[in-house]
Structure formats: structure tokens, C-alpha cells
Amino acid sequence: MALLEVEDLRVAFGASTAVDGVSFSVPEGKVVGLVGESGCGKSVTSLAIMGLLPKRRNGRPAPVTASRPVTVEAADGGTVAAPTGPPPSATAVAPVLRRRGSGADVSGRAVFDGTDLLSLAPAAMRRRRGKDLAMVFQDPLSSLNPVVPIGRQITEVLERHRGLKGDKASKEAANLLDRVGIPDPTRRLKEYPHQLSGGMRQRVLIAIAVACNPRLLIADEPTTALDVTIQAQILELLKDLVEAEGTALLMITHDLGVVAGICDEVNVLYSGRVVESAPVRELFAAPTHPYTVGLLGSIPRLDLPIHEPLTPIRGSIADVIRWHDGCAFAPRCDRVAAPCVAGEPALVGAVHAHRCVMAEEVA
Amino acid sequence: MRTSPTPIRRALAAAAGAAMALGLLAACGSDGESGGDADTAEDFDFSCPERTDGEPAADAARNDSQPFVFGTPGDPTSLDPILASDGETFRVNRQVFDTLLDADCTDTVPGLAESYEQNEEGTEWTFHLREGVTFHDGQALDGAAVCKNFERWANFKAGYQSPNFTYYYSSVFGGFAENDPAMGIEAESIYKGCAADGLDVTISLSKYTSSFPGAFTLESLSIISPASIDAVADAAIPTADSPLPEYTQTVGTLAGTGPYKLESWDHSSQEVVLTRNDEYFGEPAKVKTVIFKTISDETARRQALEAGDIHGYDLAAPADAQSLLDAGYQVPVRGVFNLLYLAYTQSHAPLEDHAVREALSYAIDRERIVNSVLPAGGMVATQFMPPSLEGYSEDVATYDYDAEKAKQMLADAGAEDLSITFCYPTDVTRPYMPAPKDIFDMISSDLQAAGVTVEAKPITWVDYIPTTRSGECPLYLLGWTGDFADPYNFLGTWFATESTEWGFDNQEVFDAIATANTEPDQATRVDLWKTANEAVMEELPGLPISSSPPSIAFAPDVYPPDVSPLTREDFSQVYFTTGS
Amino acid sequence: MLRYTVKRLLQLSVALLGLSLLLFAWFKALPGGPENRLLPENATDQQREALRAALGLDEPVWTQYGEFLARIVRLDFGSSLSSGRPIATELAERLPATVELSLAAMLIAVGLGIPLGYLAAKRRGTWVDFSTVSGSLLGTCIPIFFLAAMLKVVFAQELGWLPTTFRLTAGADFTEVTGLRVFDGLITGELDIAWDAVRHLILPAIALSSIPLAVIVRITRASVLDVVGEDYVRTADAKGLKPATVRGRHVMRNAMLPIATIIGLLLGSLFAGAVLTESVFAFGGIGSFVYQATTERDYPALMGFILVIAVFYVVINLIVDLSYGLLDPRVRVRK
Amino acid sequence: MSTEQHAEPHVPAQRTEGPDLSTAATGPVAAPLLEVEDLKVHFPIRRGIVVERVVGHVQAVDGVGLSIDSGGTYGLVGESGCGKTTFGRAVLRLEEPTGGRVRLGGDEVTAMKGEKLRRFRSKMQMVFQDPLGSLNPRHNVDMLLSEPLKVHGVGSKAERRKLAVETLDAVGLPKSVLERFPHEFSGGQRQRLGIARALMLRPDLIVCDEPVSALDVSIQAQVMNLLDELQDEFGLTYLVIAHDLAVVRHLSDRVGVMYLGKLVEEADSETIYEHPRHPYTKALLSAVPQPDPEVEANRERIILKGDLPSPANPPSGCRFRTRCPWAEDICAEVEPEWREAASGHKVACHFDL
Amino acid sequence: MTIAKIEKLDRLIEATATARDARTGSLWRQSIRRMRRSPMAITGAVIVGLFVLVAVVGPWVAPYDPTAQTWGREVFLNRNIFPGPRPENWFGLDHLGRDMFSRMIVGARQTLLVGVVATFIGFIAGAFIGGIAAAAGTFGGRWGERLEAVIMRAVDVALAIPMLLLALSVAALLGPSLRTVMIAVGVAQIPIFARLLRGSMLAQAHSDYVLAAIAIGVPKGRIVVSHILPNSLGPVIVQATLVLATAIIEAAALSYLGLGNPDPGSAEWGTMLADAQRFLSGAPQLAIYPAIGIIVTALGFTLLGEAMRESLDPRLRRQE
């Protein structure tokens, strides 16, 4: 039994489904990647596990919310349909999640250490959040409260979960800052987030997350907002922490390079479902799902001959059909065929699983 | 020299009081017909109405413990009476200071002087002062004290001479001993001197005017103690726009003789507190403490009374009177002593045509105005003075409402498509005109019914007087409340000479007024004023609309003072009653 | 910070100089001089002319402005045409009443507005939200003089719970310290006076608070909606903090920034709003004074009032800006 | 010289076939299309109570020189805050340079003013990072595309529309989108629109400021391919500004690396990735994660210490020394010279690493 | 296997896409669509719609001449006799014997006129001042910045002058009239509009599309007029809606102070309310009809404005 077992997780905002039956597991002490483009449901998945999605109020259907824009862009650059909503960037989904007044319908199970997190009462979940499982967010500036000194932001979690108060808490906070590589930690405790650089802020966020030695750390695009040299620092730090403490890490990213560098296992998400999952080396060595293949072909690489043309996926992530009608990737797939839209494609395979009825052809 | 000691008459209370008229109106109002049985001058004696409320028992304990709070429309401005010309200041000062003569209803009655006499030319006025009167500061009243007051006034310097401060003094006496050219007072003073002999005091004038003896009742000419005069001798008003000296703003400097003493004046609370003067020469005040509090908003005053925050207030809106009466409040009716008129400025064609003026006069239903929007107790005016004054004539030409006749006359005069500008003031309520716009609306509706096109011209009050004075308005509403019983105070200010505000030149009218004004003999004078009134109404410079009393209201458990057409209520008469 | 304050104050004095010139020119251009206010209606033309001359109204305009300015600098706004007293004295005497009323109104607006705004934001899109927001907006849609009159009819006349006018029952015996009656009553131990003053404050303060209340509800709602969408609130949630901590330390502390600005600006506007309220309740503050000055065309008084209000308004703005530093560390460092 | 050929801005540049015929005609050395010499952009820091005075400068760009051959692509790479965007804008005179010179096709852009400059803008265009923000939300595609022509007085309404349709076709959008508004498009399509607008005047130079960084991975590739295609089709010269080394490498012939307002290294893109000489370049390259677990597992990373210093107060000597693993005393004292370490390979470092 | 354009795939795509079709169109159209879901907007729009309808058709459907004192001899305000609702006069008579119902209906137009004209004055003048300031500050160089600073400082101080006093001055200059009310209320709104437009324009001026326009070579004037201005008008238009409500209320306040519309020939709610305040004890209905008219109308505009603000607010929109 893995530390975290997510089974058939579904999250819907009103009429639109953001996560559509995601299952994966995070074994103890391993780094598991959740990879995909904006709108694929990876952030929603993590927030659902953490219980940070706004609950829908009883008996009142949430208003229809904007969902991912749809654009049908044929290979020949033909038809264009109509998206609105936020631009498809990594952060685009988050505001949807945070809209109050509507809420998310969450179903499925997320069993953490024998307990289904999704069925926990809010108060019980609050007791575990920040303690047993913690999270690091993408934008370190906006994720820290601008008007509260960072020391306070760290000690409040120590106070809450470890019962540390006053000097003891401050001392521990300084230790934590030291541990995440912030020089002169005692002075830094009194500073405000805007006085720190981006990399420092992300270190502070990590310090907050690891303050109570959680068994599972969820990192949602922790390096996307950072410069590449800082990104390297932060990845290094995360790796070190995971190795030192044996913490399991759920790494959410769109960057296959990051995945290759840090993850043990990878789940590729597309339109709210896992389309491929495999140990990291197998995935990169033998990508099976056409979407994974397309992603890899889209990335310019430093280690390949220069000016080699890229092979992008056509269309945009908005061009989807519903999973129960067929493969959501079908509109963009080069190898689409009749079976693709004959019904729900199943996830096949064990260690290296994929959700493509035409997998043999691709291979 | 004919010295005729003038007997001072007590006012004769008339049988048919306006309090009764109120009941009458209420009774006939239900048939909803226009006031066919409305009260005209013939039905009433416009002396002050007699009180019919008896003398309910006083609540002695309450009179001593509970202040009587009276809501006033505005703040007083000065505790020195000579430096004021507004009713709110007079209301306060009248309780504290006394004048040589007093007014009851519109009649002149004894004040500090028990009696007076005048010489035949009306240039020497001798007053016989009461015995045993002491000022609040303990000084005794004598002729010398009175003279000291007159000498002080006559010798005012600099800013003290500005009509801004001493309007009434210079109106009555023309000027000062040494006129300050910077203050713009040019007329020569008619005050010649004052001679005291124990309790007798003689004021000499260089010229008689019909202002006397009424002027001696003016609150401005209140007598203050000699010590007070010395105390404020140094207070200067260097220019016309200087602030009033400090002593006029704080209590304790000036001492009067009145039934109340000043206790405090809190400017920020807009509150003046008076306490009983136990040494008062007359009947002592019933309530120990009287408070005047300013509530400038008309509706707020009524609500404060209804909520019990105050026990009485002045200038009740006509519309509120009935509701107050219905709820058990008292709204005693004052005698009428004002006049509202519609002026025809003859410099504007075709108003110089008598027939047009006459036609317009017939077109206006003045009874509706009096019956509907003016306070109860008002009457349609037939001439340019209220009926309680000497010289009121029953024989003036009248112009009763007749719309058909008006149309006909306009047609005959070739003015059937007359279009005319009609001015009225916007942001003001005057005692003679509680709601200018309503009256304007009604008149213009009547005029339009007679085929006249009315162009409304509303003007803010501060600009209204200069605009109408300059003759810019062909038609306009205006009026006047008398200061004291003096026909010249009404007719004289309007028709003594040719003026742009009326735009007519009728020497017959001017002469009639001048003759009456300078006639010292009363009987002759009365006839002369009647003649003058008839001449004016023959000329028809404007249409007198109404004389109506401003309403004053009191709580049910209060015995109100005798109400005065001059709004000179004496609050020492007030007390809380045990009843109701 | 000091640098900034000095800079702002310098700007203020320049602005005030401009304003004084503007006002002077404006009032000069108005027809109807003060003499019409000062004299009764049947004063003679000669008396009017005399007064105009005596008031120096026939001097060259620049001389008049010079004198005006010289006096303003000495805080001498001249004397009121209606009361004949120095305007500075009048304003100073009446200030405590208005301050007390404004503070009371602000207290109501803040005390009610922030929780209501928070509630509306929490329940965004529900009927709670709709009725809270609409209800507070309704307050702004009732002409203030009518609202005041209605409040009096209902609570003072019909129910008889509260007085309709004044700051204290007439003739009450109290000790004056600051001029804020409630406060004075409390510090001198005259609790009955304090209670009396509170009773007199309630209705006018409610009437006056209708507009700021609506503004604060809206701002709070928008501000809270903004903040709850922020990442750091999610971070706070992810820490498993108690809801009260999240609400207080993370949501409200940030949401207070715009609210504080608005409160400052509203305080300035309350002074102006007090004009109608105070006169309807005969409250006796600056508002009543201005109302009187308005109806009587007491231009010097109005001019003095506008200058004082302008200073007040700008100073409040400055205080708000400076207090930003206390509330928001980001600003503190930048300045 | 090719500037004459571009006199009519809307006429697509005629690409000369073969190895630079024009060079053969005019002389032995091909004059570059864009020449930038010692460009500086300093932002004054003002302070003062009554009279503001300048108390310092943010040296956003501090003496950068480079040149781009006609038809070439120059990639400028660096981390956020290094001044690359400011440099790009200063080249286009969207930011006022404090010093230095910019010449485009022989015309000195930095000397132009007013109407002349405005007219000249038809020869140089920009593609923005945020495709939505750079498109006026109230203008539909037709207005967006025809405005450049309109303000330069090109063509009739019908002609402008025709050209718009042609350009749309070139960027892979159908003419049916003309009536649509920017928010109705996906991110990739918006960037296509941004490129189309830049193309409308058929400019010589296009500055692409982070052209793909706001896009999803799968869309980035589409846009990069499109830029490649358009360069061939319209004979464009690109200045590509990006923080992503892989993207720059993919698009560019020549690459410059910027750090704190200065160039630290410049070389052909192949060379610079194969043999980086400046420690900063080395660190950058080593930091980029590669989508290959084998590579990642075996790679030696140079992890830089600390953060970027403030450009208002840059370190003395070599600006990179505060974070450089190889820094020595001399680095703090002497500013390294911008030298040619190998043929076509310039670097600003005291050492040969 | 090559690209197979399968019929079914097209159909599926279409089905998914049509659900989104409603989200096309210009920003304004989108806002309107968003507002259709808001109870605030609906309530506001219904009220405003009814009000405008009455204002337009009022004079034709009013049963009587609103100015004729037809029943003048049946009203005695000094005795509190105000005939109330009856078959021929649905709302009863006013204090001069005019038909209240007709006055209410006809008054809607005057009231709307006051609101619209006052708002228009404030809008045009404020937008002009704010626009000049923003344009100068953005493109005018150092001198432009100074001009902007001067203008905005003046606007700040002007904000401090209470509207009441402004109105008073206007009234003193022009005499009390409906025109005065319109001008006074309008003038008082100028600084608000100016600040709003300037702030909005400055925000737009720093946006990328303005930079893009400069890069294209669009002349500065044209950038201001065709790029910055249209994108900045949203909040200003919202404000205009809110000011419409304010104007109607303020007009009533000015009437209460005696500065209002003195023309007896016209019926305007603010004036009617201010007039009727005198009869609050005897004939409260005379105040209540116009008061309800004003309150409901003002609320309608306010709700509509607030809903518009919300639907246009990019921060709030983001959360949808």
C-alpha cells in the first residue's frame, strides 16, 4: 500500500469537469510526477487531495463556471472556434478553483495512510494539513502574506501543529530557514516577503511546508516562476529534503525536464485523466501515448542537433471532446482513427500504463 | 404749547377672537367649498383676540425644576439690544431688558415709564419712570440712567454707526451726533438731547415724525444699566464688518431690568438660558428657567415639540397648525400686523394702464390664498396696512375676485394676450408669507386662467430685495411686518416718493402721506391716514393680498404667554400646568 | 516618511492658495452682496449703499483679495454676516459636535459595514449577498433629509424611544472638557450625561451613516473577494490554520488596506454630509452653521468653511497615506 | 545595400537568392542590417521635496553592442532583470536610450525624432510576450491588422483587407477570424495574431520579446516553427529575446548572454552551447533541466550562489563576481574586457575557462 | 494510418464547442451576458426600464394636466384638508389641488432629465479634464507630467468642496432653477469623473497594446483617442450610471434647500418631495409618493451600475 492512493478522483465545477477519474499512487519516500499542460487538471487534483477546493453548498447547484476554452484548430490551420476565459497558462485554472460562491463537486477516494482524505470532516482535515501533508505553491510572492513578517508565517504553523510558542517557535523557525538555505535566518524572520528575492521566498514557502516534517509534500509547479539558475537551486533543495527525511513528494509540473531530473514515477495528464503512467526512465525511453510523444517532440533540446525542426501537436488544449465519447486527445491526434471515438478508452498496462486504443500503431 | 397727557389705553379684547375663527374655519372646511363664508375685515375686530383658555392651575414644583424650552428658528446675534435688528435677538432681549414704553397687542402701553407726555409739535417727550425699578446689577433706574443710554447711542462712533448694527436707531433718529462718513450715514440726527430730573426724563427732538411715540417701544432702544454702559465703553467696532464685541456674545456684562436674567449663552449648542429675576418690578416670572434653543428647520421644530424635546416654538408652518391642534397642542392665534402684497411695477408696459392693474386685481382669488395656505386668523387685505392701525379705512376701493370681469377688462384694455414676468423669492419664509412659492403658484394659476401668460422668475432672497427695488420685476410678491404701531412704518416706506420699485409718480399720494406723517395731533392724523389709504388704493400700485399672523405653538401642558402681533411674547407669563 | 509629509504639506499650501483665489473670485462674481443679508427688507437704498461702502466692497478687487489673504494667513476668516462673530470662533466652537457626530456615524458604518461586507463576500452570489448589498445601497438612495425625517417620525414620534433634536436634553448640566459630550460624560463620571448624549446621537448618526455604510459594505465585499482569491490565503489554508486565524491574520489584515483608505476619504465627506443631517436634528455643529450660512448667503462663513474642509480633507488624505505604512509594509519601505 | 528595396514598407522584401548577391555588388564585407553600439538605458532615481533631483540610476542596459546580419536571428538570453527586454525596446526606441547608437539598414534610429521616427517604425516591429495584453481588446482582427497600414497611409480599405487576409494566411489563420476579438482566441492563436500584426508592414527587423514563454509547451513548438517559416518567406531579421536557453538556441544563429545590463558572452549558437566560455553561461546551461532522465542523472550542475544584485548598484569590476564560483580578487577590481576569445566568440571574463 | 477526418469526431467537437459559443462577442456583450445572471442587474434593469418607459410615455398617459390647479378650492393646507385617493384622482391631490397621479407620471420625465443632463455635464467635463491630464502625463514629457500634477492637485482640492456649497454658488450665479440643479450636481461630479478616467487611462497607457501601437507607429493623438480612451471608459460609464442615481437624490436635496426647480409648471419628484416635506404630519402621502419614486429609481440605477461594475471588473471577472 502506497502512502497516498488516489482512486477515481473526479472534480467538477458546475457543468464542467476539471478532473475526470484520476487514479495514481505515491509510495512512501518516492517522488511522483504529475505532468501536463494548463487545464489538464493537475493543480485541481493536488488541491482536491489537500481539501483546499471550495465545497459546494448543499442543495444549491453551483452556477455554471467558465471552463477551458475550446478551439478547434485543424492541422491545416482551418477552423477556429471560440475560447474566452483565462489564457492557457499554468496559473489559469487556479482562479476558477478559488471562486467563492460556487464550489467543487469532489468524488472518489484519496487514501492517505489508511484514511480517505476526501471523506474527512473539514476540522479533521485542517488538523492534518500542514502537518502530515503539506504543499508548496507556484508563485512564491503571491503565496506569502505581504503584510505579515515571514517569521510569523512560519511560527503560526509551528504553533498550530507542534504547539511551539514564543522564543521556542522563533528559534525553530530560524532553524528551518537555515535548513532551506537562507543565510542570516534570525534577521530574516522579521522581514516581509517583498524584502526577499524570488528564490528566497520559495525557500520560505518550503520551510513552511516542511516545518512539521510531513510525510507527503505536494509541490505545485514550485519552480515555474523562477529563473533557471534559481530553479536549479530549488530543485536541488527539494531533492535534498526528500532524501534526508524520506518524505514522499508529489511533483506537479508542466516541464518534462524537471520531471526527468527529480521524479521516480510519472503520470501524464490530459484533459482531466491520466493518459500514461510509468517509471520515469521507461516513460522517456518509450513514450506510448501520442500526447506524451507529442509533448516530447515539442520541446527544443540542448542535447540534440541544433535547428532540428520541432514536431508540435496541432491545435490547442482547448480542442477536446468528452472522455465518455472517446479519446479527448483525438481532435489533436495525428493517428486518430474510428476506434478512438468509439467510447471511453481504458487505461491499460500495469507498470507502464497508457490510455490509447491505437497504442500498438504508435509503437 | 399744548401738552396733552396721552392716556395710555389698555387693549380692548375683542369679542370675536381668531381662536374662534379657527373653530369656524374647521367647521366650514368640511363642505369643501371655497370660503364663501370667509371672514373679511367687516366680520372681525382686528385688535388682539381675547384669551379663552382661562388660567389653569400651575404646577409649581415643575415650574421650578423644569426649564421651559422654546424652539426658535434662528440664533440671536447680540446681547446688546441696540446692536440688533432681528426678531430672534429681540425675542431674547425682550425678556431681559425693558423699553420706556411697551406694546400690548399693537397698542402702546407703559413700560419703564408709567406715563409720558409730548409737546404739541411732538418734539419734546417727557417720561415718568416707575419707582423702585432696579437693574440686574443692583443699580436703580432713574432719569439719568435713561439719558445715559440715549447719550450713548447718539454718540456712537465708527462701526457702531453702521446700519449693519444700529439700523433701528438711525432709522428712527436719522443719524448720530457726529456722523462717520465711512459708515455712510448722512442724514442729520433729529435727537437733540436728554434731560433728567429724578424719575422724569425728557427727550428732545429737532423734528417730529409719526414714528413717535411708537419708536420708544422698539427693543433696540432698551434701557441698560449705567454701570453696564461704563463697562462696555471701551468695546470698539472699528469697521462695519468687524465682529461684534465680546460683551455682546457672553452673558454677564449688560444688566437690564426685565423679568429674566441671562444665565448662559452656549453658541455651539445654540442655546440661551434665562433665569428668573426675583427683583423684577412687575409680576415675577412663573417658570424659573427659560431656554431658547435654535432649530432652524421648520419640520424639526414641530417634531421636537411633538417628541417633548421642547415646549413651544415659533413660526409654525400653516400646514402643521391643524395637526398640532388635533393632537392637543396649543396654537394661539396672533393678531395680524403685517401685509403681503403683489406689486405692479408701472415702468413695465402695460402696467402703467390702470385698467390693466385693475383687471389683474380682479383676476386673483385672494380668498383662496388666505383660506388655504396662510395661517388661520389671516384675512384678505384691502389696503396697504393691517386693520389694527390707526387710519385703516373702510372706504377704500376694493377689487373682489371676478375672473370674468378681469378677462373682459383685459380685452377692453387691449391686453388679452398679456405676457408678464412674475418674481418671487425662493429660499425664504417670511412671517407675512409662509410659503412664497405656494402663493406664487396660486396667483399665477389665477392669472393664467384670466388669459395672462406668466413667466416665473424665482430669485434667491438675498437678491430679491435689490432686484425688486430696482424695478426689474413687473410683478412681484413682497410684504412687511410692522415694527410698532405706526402707519408710516407701512405706507411711508413704500409710497412717500417716486421709486423704481413701484414706478409710478402720483403726487397726490405722496402728499397725502407726507401730511399725515408730520401731523402730531392724533385725531387729525387718523383722518389723514385714511385719506392716504384711499388715495393709494385708487392708484392701485399693487394688490394687497393678505394680513396673516405667523403661528406659534405650545405643548398642551403649558400656559402660553399672550401672543403678540408684533411677536413680542413675554415669557414671564408662561407656566407649566397641572392639567392634561 | 517625514520628507514625504513635508512634501505633501507644501503641496497642500500651494493648493490652498489656489483654492482661496478661486473662492474669492467665485464669491466676488456672485450677485447680491452681504448688505442684503444684513439689513431688513425695508431698509432704504441709502442705508444699503452706506453699508456696501463701509464693508469696503467698492475697493479694487486685488486690494480686497490681499486683505482677505492676509487675514486667512492669520487664521482670521472674517466675521460671519449672520452672527457677527469671527468665523474661526464659530467653526471652532461647533467642531466638536460635528466631530462627535461624524465619528459616531463612522462607527456605525464601520461596525456594521465591515461584517456585512464580509458576509456578502463569503456568500457571494447568494440571496444573502444580494440582500446585503442591495439593502446597503438602498440607504444611499434615500434623500438624507427624508431619511432623517422618517427616522424621527418612527423612532422619536411614534415609538418615543429617542429624542428628535439637540445633543443633550435642553438645560442639562454638564462639564465641558473636549466638547465631545459622550466622551466628556465618561471621563468626568457624568454617566447620565454620556447616556443622554448617546441617545441624542443615535438617530442623526444613523441618518448620516447611510452613505458611508453602503460604501464600506461594497468596498469590504470587493476587497475580501479579492483577498480570498489570493494565493497566500490558500497557503494559510494549506497550513491547516484555524479558520479564525485565516480570517483575521490573512484575509482581513490585507482586506483592510482599501477599506482604511475609504474610511479616511469618507470621514472628509461626512463633514459635508453633516450639513443636512445636523440641521434636521438641530444638532448644532458645523453643519448647522453652514446650513444657516447657506440659506442666508453668508459668504465669508462659507468661504471659511470650505477652506477648513479642504485642509481637513487633504490632511485626512495624508494621514491615510501615512497610515498605509503602518498597515502595509510594502509601502513602508518604498517611502 | 538593401534599404532601397524596402522603401515601400508593405511590399514583401525580395529575398536575394544565393550567397548574398548584394554583397558582391557593393563590396567585400556585408554590412549588417542592425548595428547597436554601446547602447545604454539608465533610469533615473528621483528624489526631492520641492525640486526633484536625480540621486542615482538604475543601469538597466549599460553599454551593449551587437550587430545582426540581414536575414539572421540573434538570440539574447538572460534571467529576469538582466535588461534584455529594455534593450529590445531601446533598439526600437520604445524606451529612450541614455547613450549609444542604433542603426537599422544604415539609418541611425537613435538620431530620429518625431514624425520621421514614427514613419521609420514601419521597418522595425515587435512581437510581445503577452499575446493578449498586446492586442487592444476592443479592436477586432481586421482593425488590429489594418491599423499599421492605416497610420502609415498604405493602401485603400480594400487593399488593406486583402493584405490582412494574406498575412493571416501566412500565420496560419483563416480569413474568417477577421471579425473576431482577441479574447475569442486561444493563446497560440493570439500569438499568431501578434506576429501577423508585426508582419503587416513587411518590416526588416522584428524584435521578439519572449515570444513563446506565455504559451503551453505544445503550442510553443507551433509558434517557433511559424517564426522559422516566416523568416524564410518574408526575409525577416529577428532579434529574439528569451530566458529559455533551449528556445533561443533553437531559433537563433547567434546568441548573446546578458547579465546585469551587460553582454557577458556572444557566439554562434552552436559554439556557445558546445563551448561556453563565461562562467555565467556555463552555469545557465548546466541549470536547464533536460527531458531525459539519463542526462539528468549524470549531469554535473553548477549551482550559483545567491540572487541577482540590484542594477541600481551593480558590483564593482566584473558584475558576475558575487555569484561566480571562480571569482578572484581581480574580478572585484577590474572590469573584464569584452574580448574576442576565439573567432566570432566574444566573452567578458578575465579567465579562459 | 493517416489523419482520418472522421465524421463523428467533427460532430463531437461541434457538440463540445457549441456550449461555448455563447461566450463570444465583444467585451460589452459579454458583460451584458454576465449581467443577465445577476439578480442585482435584473432588478436594476427592470426598474430603470419601467422608469424610462414612464418618463417617455408619461405626458401622453397622464389623465390630467399636472400643473392645473383644477381642484384648488378643495385643498386647505392650513386645516390639513388634502383630499386623498379617489376615483378621479388615484393618488389624491397635492397642496395646490393638482392631480398627484398625473404629477408623478409626468414628473418621471423631469426627474430623468435632471439625472441625465447632470450626469452628462459631469461626464463630459470630467472626462475632458481627466483625459487631458492623462494624455499630458503619458505623452507630454516632463512638462506634461507637471501639467498633469497641477490638474490633478486642483481636482483633489475640488473634491473637498461639498456639493451643496457648489450648488449654492451656481444657484447664486444663475438663480434657482432646474438648470441650476443640473449644473450644480453635474459640476460636483466633474472631479470624480476626472480622477476615474485619468486613473483608468494611466492604467491602460502602461499596457502592452499601447506599447504595441507605438511600435507600429500610431501617432500619439490617435493612440489616446482610439486605443487608450475606449478601453478606459468602462469604469467611467459605470460611474455615470451611479451618478444618475446620485443626481436624482441630490436634486431633491437641493430642492429641499430651496435651490431646486422653482418652476411651478413642471412636476419633478425631487421638488415635489422637498415641497411635501412641509406636510409630513398632515399629508404624508404627498411626500411618500415622490419619495418612493426617487428611492426606487435611484436604487434601480445604483443596482444596475453596481452590477455593471462587477461584470466589468477584471479582478472579479477573473474569479468567474
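Chains here go by letter, A, B, C, D and E, matching the order in which they are written, and residues are numbered from 1 within each.
We adopt the following convention: a contact is a pair of C-beta atoms (placed from the backbone, for glycine too) under 8 Å apart; a residue touches a chain by one contact, two chains touch by 3 or more.
None of these values were measured; they are calculated from a predicted model.
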{"item": "Selected pair, greater C-beta contact count between B-E and D-E", "value": "B-E"}
{"item": "Most distant chain from chain C by Cα centroid", "value": "D"}
{"item": "Computed distance of Cα centres, chain C from chain B, in Å", "value": "39"}
{"item": "Approximate Å spacing (C-alpha centroids) for the pair chain B, chain D", "value": "90"}
{"item": "Chain A and chain E, separation of their C-alpha mean positions in angstrom", "value": "47"}
{"item": "Gap in Å, rounded to a whole number, between the CA centres of chain D and chain C", "value": "55"}
{"item": "Residues of chain A engaged with two or more neighbouring chains", "value": "63, 69, 82-84, 95, 98-100"}
{"item": "Contacts with two or more other chains, residues of chain D listed in rising order", "value": "180, 183-184"}
{"item": "Set of chain C residues in contact with two or more other chains", "value": "31-32, 149, 153, 225, 229, 291, 295, 297"}
{"item": "Residues of chain A defined as touching chain C within the complex", "value": "47, 50, 52, 57, 60, 63, 94-95, 98-102, 125-131, 134-135, 137-139, 142-149, 152, 156-157, 160-161, 192, 194-195, 205, 208"}
{"item": "Sites on chain E touched by chain C in the complex", "value": "39-40, 43, 153-154, 156-157, 159-165, 168-169, 172-173, 245, 249, 252-253, 256-258, 270, 273-274, 277, 280, 287, 291, 294-296, 298-299, 302-303, 306, 313, 315-316, 318-319"}
{"item": "For the chain E and chain D complex, residues of the former touching the latter", "value": "24-27, 30, 207-209, 211-219, 222, 227, 230-231"}
{"item": "Residues of chain C that touch chain B when the two form their complex", "value": "31-32, 34-43, 45-51, 53-56, 78-79, 82-86, 90, 93-94, 96-97, 149, 152-153, 156-157, 160, 163-171, 179, 279-282, 284-285, 288, 291-292, 295-297"}
{"item": "Residues of chain B that touch chain C when the two form their complex", "value": "67, 69, 71, 74-75, 77-78, 85-86, 159, 162-165, 167, 170-171, 182-187, 239-244, 248-249, 267-271, 273, 289, 291, 293-297, 299-300, 303-304, 306-307, 309-310, 427-428, 460-463, 465-466, 469, 478, 480, 493"}
